[in-house]
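Chain naming follows the written order as A, B and C, and within any one chain the residues start at number 1.
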Amino acid sequence: MIPPIVMDLIKIKKLIISLSIFLAIVLAGLIGPIVYPVNPVVMTGPIEQPPSSKYPLGTDRWGRDVLAQLLHGIRNSLSIGLTAAAISLAIGVTIGVVSGFKGGITENSLMLLTDVVYALPSILLMMLIAAYLEERNPFLVSIVIGVTSWPWVARAVRSQILSLKTREFIDMSRMAGLGDLRIMFEDLLPNMASYIFMAFVLLMSGAMIAEAGLSMIGLGVTRGISLGIILYWAQLLEAVRRALWWWFIPPGVCLVALATSLLLLSTALDEYFSPRLRGE
Amino acid sequence: MVILEVENLTKIYVVGLLRKKEILAVNNISFRVSEKEFISLVGESGSGKTTTARMILRLLKPTSGSIRFQGRDVWSLKKMEDLKWYWRQVHGIFQDPFASYNPLYRIDRVLNQVFNLIGDIGADRESLIREALKEVGLRPDEVLGRYPHELSGGQRQRIMVARCYLLKPRLILADEPVSMIDASTRAGVLNLFSRLRDEYGTSVIFITHDLGLAYYVSDRIMIMYRGEIVEEGSPEEVMENPQHPYTRKLREDVPLLYRKWSGF
Amino acid sequence: MTLLEAEHVKAYYSIRNSYVKAVDDVSLSVDRGAILGLAGESGCGKSTLVNTLMMNIRPPLRLIDGTIVLDGIKISEMSRSKLKKDVWGILVSIVPQSALNALMPTKKIVDFVKDIFHYHTDMSRAEIVSMVRKRFEELNLSPEILHLYPHELSGGMKQRVVIAISTLLNPKLLIVDEPTSALDVSTQKQVIKLLVDLHRAKIIESMVFVTHDLAILRQIADKIAIMYAGKIVEVASTDDILYTPLHPYTRGLVNAVMTPESEVRKRGITFIAGEPPNLLNPPSGCRFHPRCPYAKPICKEVEPPIIEVRDDRIVACHLVESFM
């Protein structure tokens, strides 16, 4: 039996389109490196070769296979996106829920912290870190993006909590002697599940863009490959001016497709959930 | 015997971010509730009656004033143990039967929650719940296991009354508890409050804008207007000899069955 | 003289091969110049009946049988597009139960009015606005209201605005469905005053007022029809319904009314036991028999005929003789 929610979701065209684009790229990132087992960071052929049967997407300045780089890049970009989004979500939701629910001085200080982080660009933090660390692995980049991109989540979650808090079912639970934690986990968070999921999707799309942004200015990962790193080298070596299109178009398209499919997914979900929230 | 004493209770809401504005929702009200007493707090929406109820239920902190239940200051209760004791004795029904249910859970939840206050009583919970539902005129099989949106407003209000019936508190604050129940069957649900009074000595504060309901169920009516209690007395006194202009207007505007409005 | 004449109307909701008999063989007429009250418990089919009376029928609701004649026109045979063009808003208007939410939150009242009437008439937008202003003044509603957003109006004001807009084209018949149930008594009275004013000023000729509150019908209705489980069980003048109800259900309704007055206190308050039946599978015979304190074996077996006990007074009860 297929649950009715799935049947309803299938009917939304936007959702199907965005989900299939996203999943197709994810699949490429997951299975790609297995079916196309070429090492992306070693020289495998002549330099700056256009696509051919031997090198489906050509090679770069050091003779590295661009397709192999792309497949591994997708994988790393996704994992950076996922990790960073998970970190942001955890921080943002915790701060949002606690400040919205507790109120008073707790709320004020947490919101102050939120505003401070909001004003602090991840680039600045990354520059500071770059100054001290010679090597930056994907996990470090995820953490930096993660700990700098949660403020909007905290604010949004807090305002959701503030409105949910006035609903009388919270008082019904309170009068039944449920403690704060149980009310949070039984009454508040489940009612925000759809919202939190959408936030996650948006965070992930934002984190992948942020990773590319950091990489493009040379503050990205120093070891390994990502979509941003491919673009960084392509840009550095003037691939655009020299019309080496195979070098920058595939990663660019992948990045844009990943980010926009996630954005589209979140708007599709929004359309699906909002009338329900209003109607019931 | 007095069980609840409300003294100089005041609630001021502060609204606005930059230009703060104070709204005086409840202005220095005092009253007492005795055991087995039915009181109606009558007023239009925005008169502060719901705010008063929420403060007594220990859900909204008063700006000033005190609320004492059985001699204990309600707002100095802090430990969960004490709070559970309080809500076991003093319980509420809210006016919006739609917002009173978490839409994600079956309605059974609000009934099962009662046992969190009562503790383990050894009896069969399921049969207690079924009995309470029958008391409020519902067929248990038609409502148990359902989600709130599958039930009508009247059914949801009845379930809220059933929750109080299960709990049998000393004092119930009932905010428009029968507004969505058909007039034809309303008296049946109201009788249940009387039974709680007779069998368990329960007192009730009805919060309503329905003067008719107040007239029939209460021992005493308090008229609330713009945050203040402007008139107080027995139902006969209030209806037959209203003193405050607002009460007079209210009485004139209530549609009666055997008298027409003047000018109609 | 009748303005609306409905005969043997059956309107069912078809749901999964079965029917919810929301309106089951109802005959009802509305006299010219009269205000008819329609009362009954929630779920008895009142709203479905009044929507059927103006042919506002959309699937899953279907008109199974019966004729409806409004102002000499057989509207039960008209197409939806023709009804839209020639009947609704012009001959008959309805203020629906959820009217308070009927206004688009992002549109000012005036834009809302412009939009609907531009569709209905050939008037220019400026003409519509000046007409609306004039009507608002006539009804003691400030024309300033037109330039507000719906959320800036109180519940009672919104309801009055919706009523004023629904009657802009002077429909002969106005149907109001529970217009006051969510309002405070003083606001309630203002809304009812507006309806009475519309009627007195002959802007509308007749009205059908749907409510579960008999005390409100007492104030304005000439006649009251009592509905139970998809059937009309009694129609009589307001006084007859209140002082000498004949159908046991009517009596139950009247005796359950809780108005603060000495007559009612003397009489005492009773309630009707049980719940209204599910219209998917209504009881046999008289639909009220499971809840009726007087029920006899015949009530369970035979559906009671509609008896005209007097001119203008009908009852559907086997035992009516014994109550007279």
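General remarks:
As a working rule, a residue touches a chain if its C-beta (ideal position, glycine included) is under 8 Å from a C-beta of that chain, and two chains touch if they have at least 3 such contacts.
These numbers come from a predicted model, not from an experiment.
Closest to the middle of the protein, by Cα centroid, lies chain B. Greatest Cα centroid separation from chain C: this falls to A. Centre to centre, using the average C-alpha position, chain A and chain B are separated by 48 Å.
Separating the CA-averaged centres of chain B and chain C is a span of 32 Å. Rounded to whole angstrom units, the spacing between the C-alpha centres of chain A and chain C is 55.
Contacts from chain B toward chain A in the complex involve residues 54, 57, 59, 80, 83-84, 87-88, 91-92, 94, 96, 99-104, 110, 113-114, 116-117, 149. On the side of chain B, the complex with chain C involves touching residues 44-45, 137, 139, 152, 154, 182-188, 191, 209-216, 235, 239, 249-251, 253-261, 264. Within the complex formed with chain B, the residues of chain A that make contact are 167-169, 171-179, 186-187, 190-191, 280. Here chain C touches chain B in the complex through residues 41-43, 184-189, 192-193, 196, 212-216, 218-220, 242, 252-254, 256-261, 263-265, 269-275, going by the rule given at the top.
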